[in-house]
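You will see two complexes here that share chain A, one where it goes with chain B and one where it goes with chain C.
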Partner chain A sequence: MLNDALAAVTLLVDPTTLVALLAGVVVGTIIGVLPGLGPSIAIALALPFTLNMSLGPSVALLMGLYCTSIYGGSVAAILLNVPGTPASAATCFDGYPMARRGDGDLAIGITTIGSAMGGMFSIVILAFLAPFLARFALRFGPLEMFLVGVFALCCVAIIERAILVKAVAAGLVGMALASIGQDPASGDMRLTFGYFPLAAGIPLVPLLMGLFAISEVMMRVAEYGRGPAEGTLARIGFRVPGLHFWRSAWRTVAKSSLIGIVLGILPGAGPTAASFISYSEAKRSSKDPDSFGKGNPEGILASEAANNAVTGGALVPSLSLGIPGDPITAMILAALVLQGVTPGPRLYTEHMDQVLLILFSLFIANIGILVAGGFGARLFTRVLRLPEPLLLAGVVVLASVGTFAGNNSAFDLVIMAAAGFLGWGLRVLGFPLAPLIIGYVLAPMVEVNFKQALIVYGTDPVVFLERPVAAALLVMILGVLLYPTIARAVGGMRRRIASR
Partner chain B sequence: MNRSMPCLALGALAAVLVGFGGDAEAQSYPDKPISVIVPFSPGGQTDIASRTLADALSEALGETVSVVNRAGAGGAIGTAEMAAADTDGYTLGVTASTPLMLKPFVSDVPYTVDSFDYVCRVFENPMFFAVKVDSDIASPKALADYAGSERLRYGSSGNGSVQHLAMLQFSDLAGVEGVHVANSSDADNLRNILADVITGTLTSSSVIKKNEDTLKPIGVMSRERSPIFPDVPTFAEEGFPVYYSLWGVLVGPKGMPEDVLATLRKGCADAQSSEAFQSRMNELGMVPAYMDGAEFEPLAKEESATSKALLEKAGLIQ
Partner chain C sequence: MSGEASPRIRRVATGLGLSAACLLFAAAGGLLSPGDWLRAAQSKTIFPVVVLAGAILCGLLIAAGAARNSDTPFATAGLLKAVGIGALAAIYAIALPRVGFLIATTALSVLLPVLLGYRNIVAIAAFTIAILALVWLVFIRLMNVPLPL
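Right, the complex of A and B next:
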């Protein structure tokens, strides 16, 4: 083990490797911050380069890009209400209100620290428990994954309790949009209305950019001149809350990181489900749940620690079983295989140096988040002081470029524009947008696993007795749905006892 | 501002003229970068093979050849784009068996096997049936026995995919019935194998090589045993003559100028015989399978007709 660690460190302190890591951190942060560009584009761009690099630099480059591009997406979520990836959608809830009231510097500070802590925590777990965790992940078959998806969807009920009906409606719209195109289980085309370009479905980035970026621009243009008073001058820079904040917040960080790790390990659930579940748990267990969604720093922390903890978690099945959990880790895995890394149980017994190289790179990249956040924050937050017309025009340009670049498709721009109008309409009518995105992201996973579970286990409910994990998940779902009712009943009972 | 406008206009005009100039001199093809559409996401088998080819092709043609990923609808989106591209030879694509041969029959796509000019075949990976490494099943015969006594569940990359079709044919020959659990990626099938959700799946040698610790091949659907796994029997050896492979072919839209097509075919031959290409493909566990487009086209059409008949028999064509 010590020898392996030494070998990994030797590879890592090589100047080219360090330069690659630095490049990964810098480029990843920039790509993440720009609306429309995110981890998938960052890794896709790096893939051809790694073909001509040796193991150390390519691992360093990929790991640097991977976690900083996810982090960067949250910066855009806070400053512009435009999540860089669906995983940052939950960061908008509290990040954007904070930025609007002038506390953007604090929001960035919390995001940065939360991301780095979530990421590092997950790496420590990954280092010690990966093979064990991978075996655990295999207990999640189609039935269990279907239930995990449903559980994540149910968290909408906790997050958006005040506008429950509208939130559920928005979630269903998201699921409906996701079902356009190829049936994920059978490959048949559906809901394309005979229009072939729709066979690819509604792609994520155009939808995300339209729904959040374009509709945000439309909202701001509509209220231009009669928006919030000039008095709230945005603070520039990077601010970290004091110790008293962390004294209560460390619990949120630990819980959210754990949620992120667990969901990262599970195939297909990914950072979006993690950040939503973690956010809803933070809100549920908070003493002041009503402050969530209005700029509560703990909300940012919950979402950020969870979505960055997924990075470590997602590498578990990729490295120890060779099963990537999402398209991004699939690309990373492909690049690693081309470098001669053979994923599987033997990687941990025979090539621990390679595993450690990956973990060390990821760890340093998380430190890189702190540095990039610290230095970049002055630049990022300055965006808030740009004259509004300039800022909004810039958002439209960047969102369009990001949308087009993802798939080199002009049709995607049409989708972005349409999603912009949809998002604007929904906002005007008071529908929340985040449930739409979580519905859209989770629908394919829920559907495929539901169909497969029916094919494999049939319709006999006895399967829940044979599969304890599934039964436990079912209980958890009922718990989430009934929680408000139970809490109210318990509260009522306590009051009655007290009054007696 | 005012003074720069005429300059800009002149510049634009010049750019347009240069653009036209390039087109007029068809003999000097290629005189600008060529893009190769890959109808799948980066990192997959077709993508990596295409990038390897693109590098070698750049050398052979003396122009940059770059890969553009246009994923979606199981490869149909990118393949449709290849069919609809300009016939000037600057937009090509590498498409694969399922989108080219089978999609036109099972889905409503705007192309058929006749919509393309075939440049050359790039790779041909025989399909292996892979099971969990500690499984008792060790040969096609054992698989048939297993299917006779237990419930055989197999993965594939979708309804009417090559894998699905091949397994239907095998089940037919073995007189057994299997349960088809469709999935959209190799990774999902692999997870289902390891979690004992499915018995196994048809996949390529490169996927098995990458996952040697968890997967084992038990049979190959080629005419001869594969040099990559020489101990693995063919399905035909054991009485199940099923022949399928996963291949990729470089195509352009139908109607490219003859000299352009000739240049491309020669370029592709040179590229594939290059040392760099050969060794890279070897590393990837892929079988370089150069075949000239003129030779490949009738084969493709024949396979397409056979597939159509099989799909009809299986009731997959409405």
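Right, the complex of A and C next:
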């Protein structure tokens, strides 16, 4: 083990490796900040370069890009309400209100620390539990994956208790939008309205750009000129909250990181679902849930710790079993295979030096997040000093160009514009956007696994006795759904007993 | 335009509007014809049918007052301005790949602030040049995005 660690460190301290890591951190942060460009584009752009590199620099470059491109997305989410990557969309809910009230520097500080902590937490898990977790993930068949999706949807709906019907409606609208295009199970076309471009469905990036960026421009235009000029209130730089904040916030970091790791390991869920579910859980368990969505720092922390913890979690099945959970880890896996790394159970016993090289690179990339945030924040937060009309014009330009850059598609821009009006309408009428996004993200997973489970297990309820993970998930779903009723009944009983 | 619509009328309009929109969506998508979706859960349309039926039900519940506690003030002030700028953003997005990014972005960067009453010509000119340079350098030069000039 010590020899393996020494071999990994020797590879890592090589000047070429360190330069590659630095390049990965800087380029990854910039790509993340730019709307529409995310980790998949960052890794795809880097793949040809890694072919001419040795193992150390190529691993360092890939890990640097992977971590920081997810982190970078939060910067645009906080400053402009434009999620740089879909994974940072949940950060908009509290990051942007913080920036608007003049605490953009604090929001950047929290997102930076939260991202790095989530990432590091997942590395520890990856180091010690990867083979065990990978075997556990194999016990998740279609039935369990369907129940995980339903559980996540129930959690999101239940936290919006005050607006439950509107939250459920928004979630269902998101699921309806996700069902446009190909049926994920059979491949048949549906809901295309005879319009061929819809056969590929509604893409996520244009939908998010419209729902968040364009609708926000419309909301702000309606209020423009009726309040103080907010640009002058904005603080420039990087600010970290004191110890008193972290004393209560560490639970959010730990819980969100765990959610991120688990959803990273499971195929099909990904960082976007992780950040929304984690955000919902932080809101549900908060003593002050009403402050979420109005600039609560724990909302940012939950979303960012979770989406960065996915990085380590997603590498668990890739390295331990050779099964990538999403397209990004598939590309990383391809690059590693080309470098002579053979993923699978024997990687941990026969080539621990390669595993450690990946882990150390990830760890340093997470430290790189702190450095990039610390140095970049002064530059990034200056954007808040722009006069509001110019800032709004910049948001429209960056959201549109970023949307086009994703697929080089003019149709995506039409989707973005339509989503802008949809998002604005929903916000004006008091519908929450979080359930809509989570419904959209989880719908394909729920549908395809439901249909597969029906084929594999039929409708016999005995299957829940044979599959303990499914039974446990079913109990959790019932618990989440019945919790408010039970809590009310218990509270009523207590009050009656006390009054007697 | 200012003032607020009556909460009850707004609630009914919101709920019925949501239900009608979902019904229209289902009809236009061919989901209302009793074809294959009744036969088996494996049908390609069963999932959207269930989801849209749920959304229609939610709309009716909202109209009936089930979401009464979530009523938000609906100020009509600024509504036209918001729709106008939203339409401008939509025209820009649609024009971007057709007209080219130089003309479309210059027009938006000047028009949007001017329509909002911002008259600092020097700041508008500097911002326009800066945003054009940023998009050209990062997206077109570095990322090779085939955005028409």
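The rule is simple: the second predicted complex is superposed on the first by the 488 of 500 C-alpha atoms of A that agree within 3 Å, B and C clash if a C-alpha of one lies under 4 Å from a C-alpha of the other, contacts with A are read in each partner's own complex, and residues count from 1 in each chain.
Assume a residue touches a chain if its C-beta (ideal position, glycine included) is under 8 Å from a C-beta of that chain, and two chains touch if they have at least 3 such contacts.
Bear in mind the structure is a predicted one, so any value in this text is a computation, not a measurement.
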Contacts of A:188 with chain B and chain C, given as first, second, both or neither: both
Chain B versus chain C as contact partner of A:34, first or second or both or neither: second
Dominant toucher of chain A (residue count), chain B or chain C: C
Chain B versus chain C as contact partner of A:428, first or second or both or neither: second
Which superposed partner A:218 touches (first chain B, second chain C, both, neither): second
Which of chain B and chain C A:447 touches, first, second, both or neither: second
Chain B versus chain C as contact partner of A:166, first or second or both or neither: second
Contacts of A:408 with chain B and chain C, given as first, second, both or neither: both
Residues of chain A contacting chain B in one complex and chain C in the other: 185-186, 188, 192, 408, 455
Complex contacts: residues of chain C adjacent to chain A: 14, 18, 22, 25, 28-31, 41-42, 44-45, 47-48, 51-52, 54-55, 58-59, 61-62, 66-67, 69-72, 74-75, 77-79, 81-83, 85-86, 89-90, 92-94, 96-98, 101, 105, 108-109, 112-113, 116-118, 120, 123-124, 127, 131, 135, 138-139, 143, 145-147
Complex interface listing, chain B residues touching chain A: 41-44, 48, 51, 67-74, 76-77, 80, 106-110, 153, 157-161, 179-185, 187-188, 190-192, 194-198, 210-214, 283-284
Chain A to chain C touching residues, read off their complex: 30, 34, 37, 41, 45, 162-166, 168-169, 172-173, 175-176, 179-180, 183, 185-186, 188, 190-193, 214, 217-219, 221-226, 386-390, 392-394, 396-398, 400-401, 403-405, 408, 410, 413-414, 416-418, 420-421, 424, 428-430, 443, 447, 450-451, 454-455
Chain A residues touching chain B - in the complex, by the definition given at the top: 43-44, 47-48, 51, 138-142, 181-182, 184-189, 192, 194, 196-197, 199-201, 203, 267-268, 317, 321-324, 327, 330-331, 333-335, 337-338, 342-347, 407-409, 448, 452, 455-456
